[in-house]
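Sharing a structure with you now.
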Amino acid sequence: MLIDYIPIGIMIVFGVAFGVIMSKASEWLGPKNPNDVKQSIYESGMEPVRSARERMSIKYYMVAMLFIIFDIEVVFLYPWAVNFRQLGMFGFVEMFIFIAILMIGFVYLLKKGALKWD
Amino acid sequence: MGLMKTDEAFITTKLDEMIGWARKNSLWPMPMGISCCAIEMMSFAGPRYDCARFGSEAFRFSPRQSDLMIVAGTVTYKMSHVVRKIYDQMPDPKWVIAMGACTSSGGIYRTYSVVQGIDLFIPVDVYIAGCPPRPDNLINGLIQIQKKIARGEKPGQSEKVYIQEPSRIHERQTA
Amino acid sequence: MKDKLLNKLNTQFKDSIESVSEFRNELTLYIKKDDIVKVCQFLRDDAELRFDSLRDVCGADQFTPNNRFEVIYNLYSLKNKFRLRLKIRVDENDIHVPTVTSVWQTANFEEREVYDMFGIIFDGHPDLRRIYMPEEFEYHPLRKDFPVMGIPGSLPLPRK
Amino acid sequence: MAIGSKQQEARQKILTALENQYTTVTFDDPLENDMVLNMGPQHPATHGVLRLLVRLDGETIVAAVPDLGYLHRGYEKLAENMNYHEFIPHTDRLDYLSPLANNVAYVLAVEKLAGIEVPIRAQYIRVICCELARLASHLVWLGTMAMDVGAVTVLLWGFREREKIQDIWDIFTGVRFTTSFTRVGGLANDMSPEAIAATKIFIDELPASLDECENVLARNRIFIDRCEGIGYVSKEDSIAMGLTGPLLRAVGVDHDLRRDEPYLVYDQLDFHIPVYTDGDVLARFYVRMTELRESIKIIHQALEKMPSGPVNAHEPKKVLPKKERTYGKMEELIHDFMIVNFGINPPVGEVYHAIEASKGELGFYIQSRGDGYPWRLKIRSPSFVNIQSLPMMLRGGLISDVVAVIGSLDPVMGEADK
């Protein structure tokens, strides 16, 4: 039983190894002599006028949070969509309730104007 | 690459020669396009002269990801600080091509605001003559840089390479 | 169109027009420096003339002891497709000229260029700065006494 | 040291100019913290070395200040120290996307000053040169603007066509694009039959690839959303800002120097001036696409109507003689020597002549005191004036629209910085 997990293990090890080697190789093999001008901020060739670390307005954070929520909802849809046939009517009603709950959240969100941009 | 004994199919290559080979074939250019030579540099990257054949297709506009800076155009005193800053911000093994007469020597602009040749403030590896040099002449410059890397020379300090305008007999223009 | 323009101007601004000249059928008017803005305002707003687009402001250095500089305005009327050139004389020791950015906004950059190249100061200009040369450049390059190859050391180079 | 403090003071000056720039955009977040961003001289989307200092509230642009001068090569100072013939190679480095149009503009101004009449065949070839230059410049505009907005294939298609134009220029002027092809009083050499054939083949194939590019872009939802309503400038503002060329025709002003002030033989050719009224990036796109097709029509008519005959005017004192004749004949040798060393001596006076270049009205104002070199030569460059209207177009837009607006403006820094 354990045997048929070996190919997956090899694939994972090979994937991780490839990623690590590729990113670390240039660090090990490449020359490194940092100096202060090289580390300075790149702003298309000019001295940066003001630091970019300003306080951002809240709307960016809102959009990010909402995206995560609805993205997870889609992730839950995948297993349901895969064996949609076997689940039959029970699965359909179950998923319908799940989506309806999130739809209430979405309507609330639209009314509050969280996605209003400008 | 140093192929020692081919019959045994046993390749002994020094590590830096292998790195040199890898670096040579993936020189990502930083196009410091300033004036007319920039248009020839665009044709050099365009479909016809296609620098992708030499591994330098990815024109990186940020100095962090580029190895070869192609300075193409007239560098004025106001622009020289920018060119120098971008050159400093590039990671270390970096080469510089001075493309065109204006970049190499001020060209036809002997005026108050033009730097007479960028080697006054940047170590240059290859100078390419021409105003603007034809894209195939720029590819020739790229090959010279690749040869220098293959020879394992340090960027900037090694002897300079000067590429003349190829004397083209204008065979097509009859009469 | 030309004579309509001339007699309109003669009636309104009799004393401010110094001279009229014609070369290669282009009309040139010399205007007194102080009421250039009045004349330009009139030329732009007059219903018939409608010189609504200022195509070019350029300075010139005649290198004469008095009235050394000149500022030249090339006007164009879109409606009746007519070009006119106004010129004002500027003396070297009183190098101030009233700005026409209130009449045409395009004069903003052009006057900054004339200031950068000749040093002619435009009073009332929204932000008179050098446009081409860096700020630390103290000379005015297009003056006749400035050498073509520039003055060594006038512009700093980054260290090698 | 002195220079350092001066640079600090300069940076302060440009920042105050940015701060008190007239703006209609108000800060909508209570913190009022704006970010000052620098789209500096080395930037993929600024089409050359244009530096744009942008003041942002979040993503919307509050104010913008263009900073020029990074490619100021001192053209006007050079022109005062060269005679009229020596300056010709400099003119095609001005707007290096349409070099032949600058040559023709400069030479027309000098001929108007010197009063030289150019034979008909040379005028027709000059019209063909101007229109080929307009095609080449619009193709680079099409490619770079589409690439800035995301369609990289159109850049490669555009450059594929531009390579064909550069081949044509290679055939009849000898060099890819810095041609220096015109001379005072005519042309360097005649247009060989082979060049005419190559031009014919090219302009027969171009409409097909133009349709190809237009099909990819014109009905593309993303392209339309990126371009519609962006960079709007009203008709009064654009006239007050002195905009010319495609930018003016995109706001509904029906003005084109080829028809309003006909020069060369444009009055004998019929062509349509495209005028759109929206004044945004999409309208400029359509104006230039229609202009591309009009130029093809013009070249067609010019090639058919072109008479045979001499290419240089017959004025020995002012027009350079043929090269091979200067070796054989004595008079040509003397005239060649006099013209090259002392220049043609036009009458005292001043002249302003403008043509409809691809970016707008390209004018040359020449003051001459009668000797071989101009006393003062001013280049009225369309890109310089178009860049001036950038802050007005960008105000209120998003930071990602700056790229599309600069693309639609199509500035060339060679002629903007002179």
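A, B, C and D label the chains in the order they appear, each numbered from 1.
Here is the rule we use: contacts are C-beta pairs under 8 Å (C-beta built on N, C-alpha and C of every residue); 3 or more make two chains touch, one makes a residue touch a chain.
Just so it is clear, the structure is predicted and the values come from calculations on it, not from any experiment.
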From chain A, the most remote chain by mean C-alpha position: C
Higher-contact pair (C-beta pairs counted), B-D versus B-C: B-D
Centre-to-centre distance between chain D and chain B (centres being mean Cα positions), rounded to whole Å: 29
Distance from chain D to chain A - Cα centre to Cα centre, in angstrom: 46
Centroid distance [mean C-alpha coordinates] between chain C and chain A, Å: 59
Residues of chain B touching at least two other chains: 78, 82-83, 85-86, 111-113
Interface hub residues of chain D, defined as touching at least two other chains: 40-43, 69, 72, 74, 77-78
Residue numbers of chain C (touch at least two other chains): 132-134, 141, 146, 148, 156
Graph class of chain-chain contacts, one of line, ring, star, complete, other: other
Contact pairs between chains, per stated definition: A-B, A-D, B-C, B-D, C-D
Touch list for chain A against partner chain D, complex: 43-50, 52, 54-60, 118
Complex contacts: residues of chain B adjacent to chain D: 32-36, 38-40, 42-43, 46-48, 61, 73-74, 76, 78-79, 82-83, 86, 108-109, 111-114, 131-132, 134, 170, 172-175
Contact set on chain D toward chain B in their complex: 40-44, 48-49, 69-74, 77-78, 89-90, 93, 96-97, 140, 156, 159-160, 162-163, 166, 170-172, 174, 176-178, 192, 194, 413-414
List of chain A residues in touch with chain B within their complex: 29-33, 35, 37-38, 40, 42, 45-46
Parts of chain D lying in touch with chain C, wherever the complex brings them together: 2-3, 6-7, 9-10, 13-14, 16-17, 68-69, 72, 74, 76-78, 81, 112-113, 115, 237, 239-242, 244, 253, 255, 260-261, 349-352, 354, 361, 363, 365, 367, 375-376, 378, 380, 384-385, 387-388, 417-418
